[in-house]
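Next come two complexes built around chain A: one with chain B, the other with chain C.
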Partner chain A sequence: MALRRVIYVLLAAALLMTFGVTYAQDDIVIDFYFPSATANDAEGIFERYAGLFEEENPGVVVNPIFTGSYTDTRNTILTELQGGGAGPDVAVMLSIDLYSFAEEGYIIPAQGFIDAMDNGADYVNDFFPALMANGVDEMGNVWAIPFQRSTPILYYNADLLTEAGYDSPPTNNAELVEIAQALTTDERDGLLVPVAGGFPIWMYQSFAIAYGQNIVSDDPTEVYFNTPEAVAAVEFVRSLGTDLGVGPAGGAAWGDTPVAFLAGQAAMIYHTTGNLTRILNDADFEVGVWYLPSGPAGDDGAGYGAPTGGGNLYIFDDGSKSAEELDAIWRWVMFLSSPEIQADWGATTGYIAANASAWETEPLASLAQEHPQYGIARDQLQHVGKEFSSYATITIQGIINGTLESILTGESEDAQAAMDAAQEQIDGILAEYR
Partner chain B sequence: MRLSARQRSLVGLLQPYLLIAPTLVLVLIFNVAPAFRTVNDSLYKPARGLNAAGRPPEFVGLQNFRDIFDDTHYMGGRFLRTLRNTVIFAAATVGIGVPLGLMTALLLNRGQPLLGLWRFAVFYPSLLPLIGAASIWSFVFSDSIGLANALLRTVGHPGLNWLGDRNLVLFSVVIVNIWKQAGYFMIFFLAGLQNISRDIYEASSLDGAGPMQQFVYLTMPLLRRTLLFVVVIAFTFAFQTVEQLQALGEGGPADSANLLLYLVFQNISERRNWGYVNAMTIVLIGLVLVFTLSNFLLFERDEPT
Partner chain C sequence: MKDANLLLRRFGAALKAALAIAFLIPLFFTVLVSVRPEAEPVTNGNIFFGSEVTLDNYQRALDIAPWSLHYLNSIVFVAGTLLVQLLTVTAAAYAFARMKFFGRNILLLIILLQLMIPSGVLLVQNFRTIQLLGLFDTRVALMIPYWGSAFGVLLLRQTFREVPLELEEAARIDGANLYQVIRHVYITNAIPAYLAFALVSVSSHWNEFLWPFIITRSEEIRPLTVGLNKLIKTTDQGAFYGQLMAGTLIVIMPLVILFLVFQRQFVESFARSGIR
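For the complex of A and B:
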């Protein structure tokens, strides 16, 4: 009997615990969905931020909900909303998801909130302009606020470069090829560019920009995928694994690239700033970081370029939310994008803190002083371009990725012909939006 | 209460239906109804363009099917390639995996030392969660740090780009699939073999039958039902493959290892593609149906009752 009583008590306790997280009747609850693309303890960090926010904002409860990868997060939200569910109040989604969600009418612009602020212009201008580019529509309305942002940079094994007689990293493509060839051995690749494995578009965009033409513009109905610059850029990337012989044919896989670099099997790699903290911590050699080398668009450095990446904060409303709820939601967005939180977030995770003043705020200020590599990632932002995004982003991105893969793996030998065919398909889709 | 003869016959008539009703209702709600919905939706194109969410879909007849079978269409190119891959993949995993399972079962059906350990070793891969197993394989196949290439390099081969070479990657996924499933098939064959009475083999030995003759004329006919079952589940598994692709390069490069169900999964998130996704699902269901029916017809023919 005693045992049965214990079981009843335990069951009752378990039931109470499930309902234990009860909110006071008039609390405003913010459901906040976030993905994680790195090995950081994002859940723990957001629980901490939610606690800090709730202290400052009595009557508001933030409910951080981890929703897997970026793709999982997007699919979760779409499934909930398409099925008539509530969905999140605020979510971190890819900065390029803007048009997909705006088109469906699920999100609202942040512009209205910014206009209502006393110092709205200061708030917006504190963000690095490059990081704002993907969150603003063609009319100049701000929709999404930068949060966990990244950009590709060049990582190099400084010990190997010094050994081979190079005191400084390559600053243009010619030097890049020269150093990569000098450092390539039977056991080591001179340069790994992660364009293999389904998502070559991001790294490819770096080269397209360096060749003088980003494939995307401010107009979401225009894509420039078959320009001479776009073709020359992919041919250069392909040649790294073929004629130039500094890496594997078809490019390296995303996840293998930093592993090979840390193991000394790659002298230089292109990779995301999101891995900076991990690489600095794990390398047993001196890690150098520099801007992605410039292409023919300006060998003197004017052709520097990379796309931005990562996630923005989006506000969800189908028109049913009260002014008080929206006010609380906007305060949470401002909290997450404040210099204090961005400085903490950037220092903990390695994402680029999105506002200039965060870099003068602790703990990021000291960290950037201690490891100048962080500052280089930030300084490259002045040269970076918009990440690919258009109407029907996912479909068109799929066409571009498939075409790039078929060119890079050698299946389509004639890059121009493959890109012309892709551009025709893309224009066919975008015609519905023009 | 006594029931009249008529009432009893009515109960007798209804009883089986009442017994299967719970299952039937679930099947109707979760399998049959969505299938009909899919057929219906495959005839529509969702609204496209600005403010698409508020507008109704447009009836287009069989246009979605024409598009996915059109090589120059953005979805058609992917679909046709993926369809071809799926057929190759199913043929390869069934054609190699099932005989391999049968062979291991035959080997393990004899008494030998450490029998339990061997059985466990062969069966073990099917106990692992698929996504975990495939993730391990993605490291094995890694270009610079993988076990597969490390082994190749010890014999002087420069190594292969297992997941990056478009001619190789489907083969790599097939390897993982066979490794994962052959042990599972083996268990069914083993159970089937152990149901065959030893007496039959002894009698045939007395009649002068050798091992090969015993296999062809005794084991195979008696294993026929097991074989049918294994082949059918092997085919359906092959058409359901998703997790391996998620871990092994997401069907790339350029869809060279993509499979139908994964292509469907990849395209559900954008509204504009829902018509294509439904059309592809119909083709997938049709394929599975054809394979399964032809298997039944093939194997059930001349079945002694």
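For the complex of A and C:
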């Protein structure tokens, strides 16, 4: 019967196709998991880097594997490791994922490799200190190496500012409000701060730091969410959409903010440096970039504030990997964090190249010269604070996000009460780690 | 009387039209946004074509993922799943419909219960099983959890039970063996149910993301949804709606065309097999 034959052939074909790619037997294979958070062809870029690396390192094969968003990546890796799989050798994960993975014993510190280097201290000191903050534990051991990092900055439509008689961007909150109010019209928001849509914590941290109290410290068992500064910060963000009337009540949505800015529907926005390349390319007006305006913590620079963000390189080992394998893995990590690759990566994607020497390396050096906006994003790093991370990061982050959202949308009118309640809940969770 | 009838018919037609429009709006906007320049967002009072009609979004979407490879993989995935499902589901449905054996009702109940377990709960456990079988990152691993289908078994069992027993007896008297009875008596009489099941199976696996994503690593075997995922993951830069809509259309187009071509058959088979 013809139908049956067709079925057999199809089944046989399906079975044959199950055999995957095979490698030469002696090669060391590095499985490299990467998330994507930009519209770039990350896959193509990593294939290219893998090719360059393999040329310099015969006998090592790098296998770049796309693992979705940051959240997908974390879930994929956890499912795989809990299900008895091998997991990645190296992965790019959020810089704040450190404790979740270190607690389970899935990752190993980079410190051991750094100590074994001849110039380990130089290697570490080349990274911007702010970008190392989330990769180091409370004992000072380096676990993760900065890779695709970002930080929020102020983007402003320079044409609109000039039209309204402002020659320079706002440098403190008072000027920010003044200019935003002057530029708000029926069709245009003066300032969009993307805190709507379930993840306000990152943008909120900028204000908390500007008000003088980051909500995290170097101690992963401490969170400072109900201090007067923390409360004043969220009240200021809320007032942007209510009393001050320079943006939508409850804040703007993350994804729509750059779109509105590019379309001229917002005069100023807070957004990530990860967006700089896109905005410079797509805007048909003069784009200005400046530090996030300074808050009450001080005009001397102390009031500047933004958290870092983005992903670090993590090394996975359950103790079963050989010295040769670990050596190859470390060489791949060093390759990705080298000034040459960081310069290329920063110029291609818009992430902040993580080491100082990358900014003197082509193609980034000429790009930064051509567009001084890149340099401003880099220079803000000297004022930047640690991104929120603690033990039980995901749970606590969820509590903070929920609390902030209810305050910003006006559901919880009394910010102090809501934050006291959240702080109590957080301390309860962290008590078992103290 | 006549007037009342006419009025009722008109009302029915208007209702149908309203429903059709409600279902078409998302598709309409998908097409609209996909041909709008990316830099011109859809806003109040500005919802139709932008300053020009452009295919740039498609070009960028095409550049980001190897679509032809993903297409092939999706086709192998849904076809390989469906073919095996048809065999297992037919056999099980016949057994439950017509054979008498110990524990039949309990077994059926267990299968029924399985419909109520959300697949996400089983993710780690299924992964572990695949790992034990040594099938991680293979095409078989993609399909194997779906090679049995509780929905298919229940649907076909109901359909088979409605086939008159006399037909099977007559076939037996004519000398048909079990295989021939199933083939000529039951399958022939259950074609609408098979079509309905195939449609549900193909569309659900075509759209499946989580399992294929977790269980595969090689680009060579990953299906379309993983490719589409690359277009969604632009969180650091905000939304690229045009590009995303273009990618969505690339992914759903075959199913839409398939449905338009076989529309009549699908609608009839759904009506006859009792799924609404």
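Some notes on this structure:
Going forward, the second predicted complex is superposed on the first by the 411 of 434 C-alpha atoms of A that agree within 3 Å, B and C clash if a C-alpha of one lies under 4 Å from a C-alpha of the other, contacts with A are read in each partner's own complex, and residues count from 1 in each chain.
The working rule: a residue touches a chain if its C-beta (ideal position, glycine included) is under 8 Å from a C-beta of that chain, and two chains touch if they have at least 3 such contacts.
Nothing here was measured: the structure is a model prediction, and the numbers come from that model.
When the two structures are aligned on the shared chain, A:G85 is found in touch with chain C, with no touch to chain B. With both structures placed on the common chain, the touch criterion links A:E222 to neither chain B nor chain C. Touch criterion met: A:D72 reaches chain C, while chain B stays clear of it. Once the two complexes are overlaid on the shared chain, A:G402 sits against chain B while remaining clear of chain C.
In the superposition on chain A, contact is made by A:N275 with chain C only, not with chain B.
In the superposition on chain A, A:D159 contacts neither chain B nor chain C.
Judged by the touch definition given at the top, the superposed model places A:E43 against chain C, while chain B stays out of reach.
Of the two partner chains, neither chain B nor chain C is touched by A:D420. Of the two partner chains placed by the overlay, chain B and chain C both lie in contact with A:A263. Comparing which residues of chain A touch chain B with which touch chain C, the overlap comprises 75, 255-256, 259-260, 263, 265. Looking at the complex, you find that chain A touches chain C at residues 7, 10-11, 14-15, 17-21, 31, 35-39, 41-43, 63, 65-66, 68-70, 72, 75-76, 79-80, 82-85, 150, 254-260, 262-263, 265, 271-272, 274-275, 278, 282, 284, 310, 350-351. Chain C contributes residues 38-41, 43, 60, 63-65, 76, 79-80, 83-84, 123-125, 127-128, 130-132, 135-140, 143, 213-214, 217-221, 226, 229-241, 243 to its touches with chain A in the complex. Interface residues of chain B, counted against chain A in their complex, comprise 48-54, 72-74, 77-78, 138, 142-145, 161, 163-166, 249-256, 266-273. Every residue of chain A that touches chain B in the complex is listed here, in rising order: 71, 74-75, 78, 100, 103-106, 189, 196-198, 248-253, 255-256, 259-260, 263, 265-266, 391-392, 394-395, 398-399, 402-403, 405-406, 408-409, 411, 421, 425, 428-429, 432-433.
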